[in-house]
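Consider the two complexes below, in which subunit A is the common component and subunit B and subunit C are the respective partners.
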Partner chain A sequence: MRTTIPLVLTFIVGVFMVGEFFIPHWGYQQVKSLVLEFGAVVSGVAFFLGVINLVQVNMPVVVGREDDWQYKLILLLSMAAMMVIGLWEGTTRMEDGAAYKWLFDAVFIPLNATMFALLAFYIASAAFRAFRARNAEATVLLLAACIVMLARVPIGEQIPGIGEYLSRFQNWLMDVPNVAGRRAIFIGAALGAVATGVRIILGIERSHLGGD
Partner chain B sequence: MKGLLASLSQFWVIWIVLNVPGMGLAADLTVEAPQYSSGLKLGLNWTVPTVQSDSLLIVRSGVGPNGPWEIAKSGLQPSETEFVDKVTDDAFRSPPLEQYWYRVVGLAAGMTVKKDPDSLTQLMASSLFQLEGSGRPEASLFKHYPGIWMLLLIVLSVAAMIFYFSAQVRKGNGSKIRRIAGIDAIEEGIGRATEMGKPVLYVPGIDNLEDIQTIASILILGEVSKTVAEYQTDLIVSCCIPIVREVADEVVRSGYYRAGHPDAFDPTSVRFIASDQFAFCAGTNGIMYREKPATNIYLGRFFAESLILAETGYVNRSIQIAGTAEATQLPFFIAACDYTLIGEELFAVSAYLSQDPRLVSSLKASDVVKLVCVGFLVVGIVSHSLGLGFIGNLFSLTGGLP
Partner chain C sequence: MGLLERFQNMDRRWIFAGMALAIVVPLLFPMQIPFRTDKEVIAIHRAVEALSAGSPVLISADFDPASVPELGPFYETHLHHLFQRELRPVVVTLWPTAIPLVLPKLQAIAKEYDAEYGRDYLFLGYKEGRELVIKNIGQNIYQQFPKDYFGTDITEIPVMEARRQAKDFPLFVSISAGFPGLNEYVLQIQGQYDLPMVGACTAVGGPDYIPFYKSGQLIGLSMGMPGSAQYEQLVWNGEPKVGVNLMATSAMDVLNLGHLFIVLLIFMGNLAFFLTRRLEGN
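So, the complex of A and B:
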């Protein structure tokens, strides 16, 4: 019973949601929207469980003064502060002058931007390692990368004799082989996704249900 | 006296326009339900009258050809000749009626549109022209486009072939999966972590549970957690979405039970980090720096944080196995990880690891459909090159190629 009911529910809801693409009737679409709202409510409730998990994982480290407990304390205090301030200010929390908005704009956004900015340096270090002419395929990758990078900067077009052709070749490279490869990946992934979805709806794949 | 006569004549003109059908009104407005409609929309088409107006107003009535009217759309340009009206915003509370009457009203400059019925009636009475028409919303039960039928055929074909190949496996005609280095490396990586006494880090992507890549990753997590339990290694699962954490927790717990080590399951091993992309990335990086996992497994949907995670793992000298169907992130994983599963290989991992005949047969089913799709692609390329568009139209989801 513990696995049968979820399997039956999965089948019924799965078939119903697949039908959304085939049945345009407004009654069907309204029920589908309702089911999606149910899912959104469940996901919203799961946020409470996420907060509980954060406390469960980090509080023992702080209490026991284990390694790096200070970082856990900052995490818990930051979470508590945002929660309290957000609840206190309520619907006005994102208005100008609100403390929540100030914390969001002055702390959270810059920290986010900092992490994103690191990406540029990580790209450089990964490219330095990856673009090595170890074999034929790696050499082709290296040449293609060099051509695209050179053609994308203004100085590439200024190279006498080949500047114009470099730009055209780069455009062809991005529009033809690159798009062809990406579409092949999309098609393969889409069919794999269909097969995975069918396996789950038919109950062939059951490991996501957990259980003993 | 003259003023009284003028008022009376105006009154009679207005009375005739309002009450005599067709007087002052043109029937150049067609109202039709769009093809294979949901039953909530009506398409209006009209011919632009010769009378120049400043703007157009569209009013709708569900009662009769003479109102009461409500505004469907205001402020349309005088050159517009079509409009799709959604007859109701809340189909549950106010379901669509059987028939709707419309008027396209031409307004002169300076005429202000107000919502109250009396003002609207007066406005219409003083308008430059009115086009009238009526139509019935039609709710279709199925979209009869060729592409929709093809999509249904593909889904049903995959399901039918899964059952067929499963039956073949039961008869002893098993299928083989080609060796995929990245998937073999998962077990090797878990063994490496065991030897080094370090944990395995598993990241199931940052998208929600409704994404198929996340679902595939959770399915794989079940097999990985069973192997981790058998090797008696520590596992850390870093989740970005709380609901994914809950499902992952249950799946990991189940993996430990299936391996016969239920007591070895650590509830704090499956962690919700943060629901924001880069906060999650920073938290997971922190786990890598502090707990120094020997093996990092990134399977699921990733975005810009993919390279930050992979590079941090590289710096920590972890063996890294990544898999995603997100084409924009694959180059980063290929550059920074030891093994990368590309696109469809991600969906084959659970079958490969479990070697369950039914799961393997589903791989064979999707491979057969892939071959058929390749065939259609080749035929489509040739036919389009020859100017024959029928193959493309066969897969169109909207009734035909432009």
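So, the complex of A and C:
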């Protein structure tokens, strides 16, 4: 029963949602709208479940003083603070002077931006160490990366003699080999998604049910 | 040979210091190197210019503080462009971290043009559900957003009159830093409803979305900070409104030196690598 009901539900909803692309009947579309509404509600609940899961995973680490328990504690306290303050201030949380807005503007934005900004330095270091023309493939990758990096910014176009050609070659690289490769990846991924979807709908693939 | 090996294995803090200089120096001493405009960005500008005054434009602004330097300037410039043309932005977001970034800018820029909330612009807010929200935006926006962000019934808001679905808007703009965003909008609703759609993405996502532009699924595409800077130039033509800061244009100098620095590092690293191999061979 524990697996049968979810499998039956998966089959019914899966087939129904595939059918919406082929059945324009207004009654069918009405039911589809209802199903989408159900899905939106379930997504909201799943968001809440994520919070519970975060606490379930990190609280034992803090209580048991395991490795890096201090960071887990900061994580839990930060989450609790934003939740409590956000709920307390309610609809006024985004107004000037609100504590929630201040925490977001003064803490979250700088931290989030900093984490991403650090990438620039690590990319420079990684590029210096990893981009070596050890073989033909690595050389092609290296040259393509350098040409795109130079030509995507104005300074590349200003290089005397070759700037214009660099830009044209970069456009060709992005428009032809890149598009060809991406389309191949998209088609492969789409076929894989269709195969996986059919397996899930038919109950062959059951990993989404969890458990044994 | 010792020098070459030491160079190849140098402490990465020297690289970090060089990168820091490449970022800070152009901010202090702008170079203002001119740049051309890509056809993909020109297409976005033309798509907006082709709309008649009073048309609503649906915008999905899906970015976070990490991607503000790349997409923030596009978002702000786009709002200025819409209000200049007397178009009416209806903004929605799929990212919870976007609201504090998107809403204040929308309100501030609307105020500059004396735009009235509800009549000239609207913020629908954020809904959790990712592709489900996208499907509902395609099928029935009223169902997904029965009220706007401030709790007003959507049926009472003038700008949403007779706009039940995404295809009821003459233009849809996806400003996206990742998932869910531009890719999901194209996959879920652009093809099904044949939406006239333009996109703005981060530079790292650009190569993923160029196929959508080449196939006509996207009318135009702005990639990263260069795209935002080009869009700024198209909208302002070098003469921005008083108080408007062309952030992306100013930051292009940082991109110039930063990219040049990385390319030089790669070149010097390979030079040292080949010299080392040659000396070892001898």
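Remarks
Just so it is clear, the second predicted complex is superposed on the first by the 192 of 212 C-alpha atoms of A that agree within 3 Å, B and C clash if a C-alpha of one lies under 4 Å from a C-alpha of the other, contacts with A are read in each partner's own complex, and residues count from 1 in each chain.
Throughout what follows, a residue touches a chain if its C-beta (ideal position, glycine included) is under 8 Å from a C-beta of that chain, and two chains touch if they have at least 3 such contacts.
Small disclaimer: the values here were computed from a predicted structure and weren't measured.
Considered on the superposed subunit A, subunit B and subunit C are sterically compatible, since they fit side by side.
In the superposed model, A:Ser207 makes contact with subunit B only, not with subunit C.
Of the two partner chains placed by superposition, only subunit C is touched by A:Val179; subunit B is not. Vectors from the Cα centre of subunit A to those of subunit B and subunit C enclose 80° in the overlay, to the nearest 10.
Once the two complexes are laid over each other on the shared chain, residue contacts for A:Arg152 go to subunit C alone; subunit B is not touched.
By the touch criterion defined above, A:Gly39 reaches both subunit B and subunit C. In the superposition on chain A, A:Thr91 makes contact with subunit C only, not with subunit B. When both complexes are overlaid on chain A, the residue A:Leu142 reaches subunit C alone and has no touch with subunit B. Contacts of A:Lys101 after superposition on the shared chain: subunit C is touched, whereas subunit B is not. In the superposition on chain A, A:Arg199 makes contact with subunit B only, while subunit C stays out of contact range.
By the touch criterion stated above, A:Ile123 is placed in contact with subunit B and with subunit C alike. Closest C-alpha contact of subunit B with subunit C, superposed model: 5 Å. Shared interface residues of subunit A, touching subunit B in one complex and subunit C in the other, are 21, 29, 39, 43, 47, 108, 112, 115-116, 123, 125, 127, 129, 182, 186.
Subunit B meets subunit A in the complex at residues 36-40, 91-92, 95-96, 139-143, 148, 151-152, 154-155, 158-159, 162, 166, 208-210, 212-213, 215-216, 218-219, 222-223, 241-243, 245-247, 250-251, 253-254, 257, 267-268, 270-272, 275-276, 278-279, 281-282, 286, 290, 304-305, 307-308, 310-311, 325, 327, 330, 332, 334-336, 342-344, 346-348, 350, 354, 358-359, 362-363, 365-366, 369-370, 373. Listed in rising order, the residues of subunit C touching subunit A in the complex are 12, 15-16, 18-20, 23, 33-36, 64-69, 97, 99-101, 103-104, 127-130, 132-133, 135-136, 139-140, 143-144, 150-151, 192, 203, 206-208, 210-211, 214, 226, 252, 255-263, 265-267, 269-270, 273-274. On subunit A, the positions that touch subunit B within their shared complex are 18, 21-27, 29-30, 39, 42-43, 46-47, 49-50, 53-54, 56-57, 60, 67-68, 71, 108, 111-112, 115-116, 118-119, 122-123, 125-127, 129-130, 182, 185-189, 191-200, 202, 204-205, 207-212.
Across the complex, subunit A meets subunit C through its residues 21, 29, 32-33, 36-37, 39-40, 43-44, 47, 91, 94, 101, 104-105, 108-110, 112-113, 115-116, 120-121, 123-125, 127-129, 131-133, 142, 145-146, 149-150, 152-158, 167, 174-175, 178-179, 182-183, 186.
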